[in-house]
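Below: a set of structures, written as structure tokens.
Common to both upcoming complexes is chain A, partnered first by chain B, then by chain C.
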Partner chain A sequence: MVLRFLAWRGLQMAITIIGVILVLFLLVRILPGDPARLLAGPEASQEDVEELRRLLGLDRPLHEQFAAYFLSVLSGDLGTSYRTGEPVIDEIMRRLPYTLALAVAAQTLAIAVAVPLGIVAALRPRSIAGYAASIFGVLGSSLPVFWTALLLIWAFSVELKLLPSGGAGTPAHMVLPTAVLALFLMGNLVRITRASLLEVLGANHVVTAHSKGLPWNKVLTRHVIRNALVPIVTLVGVQFGTLLGGAVITETVFGWPGIGRLVVESIFVRDYAVLQGAILIIALFFMLINFFVDMVQMLIDPRTRHV
Partner chain B sequence: MSDLVRRVKAAKRERTAQMWRTFRANRAAYASLYVLAAMALMALIGAFYTPYDPYRIDLSAALGFFSPAHPLGTDWLGRDMLSRIMEGARYTLGISFAAVLLGAAVGSALGLISGYYGGLLDAIIQRATDVLLAFPTILLAIALTSVLGVGILNVVLAAGIATVPIYIRLVRNLTLTLRNEPYVEAGRAMGLSGPYILFRHILPNLSYVIVVQSTYYMGITILIVSALGFLGLGVPKPIPEWGTMIGDARDYIFTYPHVVLVPGVFISAAALAFNLLGDGLRDALDPRMATLLRRT
Partner chain C sequence: MTLLDVRGLTIHYDLPQGTVRAVEDATFTVDRGEVVAIIGESGSGKTTLAMSIAGLLRPPGRVVRGHIYFEGLDLSRLDDEKWREIRGRDITVVFQDPNTYLNPLMNVGRQVAEVFEAHGMGSIRSREVAQRAIEILRRVRIQDPDKRYWSYPHELSGGMKQRVLIAMAIALKPKLLIADEPTSALDATIQAQILDLLEELRREMGMSLLLITHDLGVAAKIAHRIIVMYAGQIVEMGRADEIMSDPLHPYTRALVRSVKLDRKRLLGVPSGAPPSLISPPPGCRFHPRCPYATEQCTAWRHTLYVRDNRRVACILYA
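What follows is the complex of A and B.
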């Protein structure tokens, strides 16, 4: 059964990957203008454009072009950046560690604060933690990230002069972007943790375990937390996937040299080869993480195993 | 018979009254209704009247702090911030509303068709949805604007399309559960057409889920639209869309933070109000649907 599930999800993902590659292939061809010129960049000479057109086979029928593009992507060739003349994959590999570091830090901080807060809020709704959870829960997902980022820069870089306002290099550079992202993530995380715990606390098996005389902390660890974990793990997975590509705005405000900022940069300088490549890598990560979340879900909750 | 009709009508009225009482009891949601009404009014008035011309440059009044003449101060070109906020309300809120309407309409229609008819059509729509869901929402919106270019309609399209796959999934799953309900089967047995059953029997039964999801999505879309504006991928300058205002003013955070502060307060208040309103509507209409809805 588990194997069948794996095979089904794997097949689904393979189809999706082909679809994603197709969409990115069409992206450059939908844009007004000559795709060879778009990919070669505005400063390329006419000979360079013609050279690229032959290389990419842009004079051939569309389906043959797609086959060629698809095969080159599979072999790890994402094209060449016109700005640097470097392979796109090299640029992405240089950016990826920054995005990864920021994502891990922000997600860890968010979990460390939001999950305990959500648990306490569910157990003691009228405590300070309960009210804090309500406020964080709704504020985290209502404040625009670019605004909280600027506010923190104002408070900690301009007024207090404690932390750098942008760039990368030292651990201090990571503090503000991590805080901004974590605050944003905490909103949904606190809410889901509290809601999921409240639901399990009211379930029959918990009432039974409690009334048969099982000590309360055992009920909590063995029956409540485990069952409440499924929605939390799912959300963390989605959030982490989003962070790997969706930290676009935070990375831009803080000048953090990650892959999200690469997307924005390449839009502004019309480096479509880089844009295509970066979005493809982000989507691949996003899909892989969703796949991984499904696996973890299956381990925690056997009911999700049927196809 | 007429007695039965009367009793059904009375029961419906009673249920509506009960929902309204539940909603009223949620003070945050009820207050949000007023906040949103005030914002809508502001957007409406802003279309006809602003204290100053929101585009008029007056360098002698540049970067003024809050004062009686300029309640929200002036920006680096001396433009009145209150006037710009009032002018921009129409863009930020209007674009978000149009985008959610577009996403909900297209996504719900595709979800209904996909869930009700099944088969090859369903398979095709679902694989296409998988592809769209393979991109984080904000990234999808950014990628779409890079294809479409800057412009009001293009922001509506980009933010709208970015939400389509979420509606497709939600509505399809609900349609699947309703498809085999007795009243739907009865409709089929009576020979009613597919579209008639879809729009008269299935859609009304899931419309409230779409309404609540759309309320949350208004909050999210306001953030997406203003983020596009912030990045310079939204509406063209010098239109004072709220996110664009912050993007243009960002360097003043080091010297005159109020230029950045003010538009952010309005974006946050609008997004917050929609989030709280969504909670209130959810609890009033059907608390059980909480697990279905997406809030990211």
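What follows is the complex of A and C.
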């Protein structure tokens, strides 16, 4: 049964990835602007631009361009950057560790703070944690990321001079972007955790657990928290997938050399190859995370184990 | 020999809309080995009464007055830790809806095994506890109990799930089993099987059974005594055969007549819902629907009059 599930999901993912490649390819061609003209510079003559276009293969019919691109993607070649002349895959691989590090750090911090806070808030709504959860819930999801980023830079870099305001390299560089992203993630995470827990606390099977004479801590871990985990895991999956796509605004504010900024830079210079490659990698990550979330879901909830 | 002695029990729910007087001045006893049925419509307070006896009353519900003596111990004054020892061992509950009262994410065997663990007989991971759980599943006539042990609730039928709930409730040979509408979520054929099983287990184990039901037919089938509740108050109680052959209270009469004629609706009284328990009618709470109501009924104070073996709360018998 597990094998059948894996085969089915593998097929689904393969179809999705072909679709993603096609849509990406077309989308990028629809964008206004001429990469050959951009690359050649405003001084270049029309002949030079045409020559460049021919070299890049941009003069060939669309379906030929797609076939060539598709085959090279399958062989692991994402093309060459129009701008730097380097292989796209190298560029992405250079950026990926930064995005990964930031995503893992922010998501871990968010889970570590928001989930326990949400649990306590559900159990004791009138405690300090209960009020803290409400505050995090509202602030986290309503404060714009660029604003909290600037606020933290002002406080910790400008006034206190404790942390660098941008760039990457040392662990200190990670602190502010991690904090900004984590705060943003916490908003939803706290609210979902509390709501999910409250729902399970009111469920009938919890009354049964009490009626057995089970101690409260066991009722809580076995019959409440475990059951409340399902929507929390789903949300974490979505959040983490989004982070791996690059936190564009945060990366830009802090000058963090991640995937998000790579995408933005490529859009500005119409670097089709890099753009396609980066988004393809992001889509791939998203699928893998969804797959992983489904596996965890199946582990928690036996009702989802039937394909 | 009295096992359970409930005296003047009064339970309120404090809601923003007002105080719900769910149970008012309930007094009755249950003997060892006896089957007592509490019958009433939904909203009559019978489930609240049962949950308070099982120590499962949840806020905003609270015991305002009265006592619940169980083997002489006053349960209404017990702390959480003592309650925990009694629940699941001496007093157990079979709930109404087997579909929602089992944890969907845990296999049913472990849910039964938890009862042993909760009362200090080893971890649910231990082989002995699993073996005991399997024996209990066999006891409630679940086929292939060692295979069913690993099933999840969604893989079982409603009747099977109800058997699992019963297995939990009898695992430690309780003294009192409270069955709250144990059959109302099941098909008619399964209903009879579950009732037979409960009655058989009760006889084998010598436990007392407090059956909460809206179905007088079910009550008449297995109960020795019947307690009739209306709008939070006991209106009549006595031996089951006597109540069925000669109901005294006008409400009981309507109930008995509709059961005998196999009707769903109450016969002989105006249709309508039981009154709001936030602001119940003055005097007898049944008088707005009673065919025999007089002026006096609005000024009457709830009293149970003794008549032979019977108690009845109606001015006609004053």
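One rule holds for everything that comes next: the second predicted complex is superposed on the first by the 266 of 307 C-alpha atoms of A that agree within 3 Å, B and C clash if a C-alpha of one lies under 4 Å from a C-alpha of the other, contacts with A are read in each partner's own complex, and residues count from 1 in each chain.
By definition in this document, contacts are C-beta pairs under 8 Å (C-beta built on N, C-alpha and C of every residue); 3 or more make two chains touch, one makes a residue touch a chain.
Note that this is a predicted model, so its numbers are computed, not measured.
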So if we stack both complexes on chain A, do chain B and chain C clash, or do they fit?
-> fit
Chain C versus chain B, contacts on chain A by residue = B
Could you tell me if A:L275 is touching chain B, chain C, both of them or neither one (first, second, both, neither)?
-> first
Name the contact category of A:T80: first (chain B only), second (chain C only), both, or neither.
-> neither
So, does A:A195 touch the first partner chain B, the second partner chain C, both, or neither?
-> first
Is A:Q239 contacted by the first partner chain B, the second partner chain C, both or neither?
-> first
When the two structures are overlaid on chain A, which partner does A:Q297 contact: first (chain B), second (chain C), both, or neither?
-> neither
Between chain B (first) and chain C (second), which, if any, makes contact with A:P144: first, second, both or neither?
-> first
May I ask you to decide whether A:T99 touches chain B, chain C, both, or neither, giving the answer as first, second, both or neither?
-> neither
So after superposition, what is the minimum Cα distance from chain B to chain C, given in Å?
-> 12
Which residues would you name on chain A as touching chain B in one complex and chain C in the other?
-> none
Residues of chain B defined as touching chain A within the complex = 127-128, 130-131, 134-139, 142-143, 146-147, 219-220, 223, 226-227, 230-233, 243, 246-247, 250, 253-254, 257, 260-261, 264, 267-268, 271-272, 275-276, 279, 290-291, 295-296
What residues on chain A touch chain C, complex-wise?
-> 203-205, 207-216, 218, 222-223, 226-227, 300-303
Touching chain A in the complex, chain C uses residues 54, 56, 58, 80, 84-89, 92-93, 95, 97, 100-107, 111, 114-115, 117-119, 152, 154, 165, 168
If you look only at chain A, which of its residues touch chain B in the complex?
-> 12, 15-16, 19-20, 22-23, 27, 30-31, 138-139, 141-147, 150-151, 153-154, 158, 165, 188, 191, 195, 231, 235, 238-239, 241-242, 245-246, 248-249, 252-253, 260, 263-264, 267-268, 275, 279, 282-283, 286-287
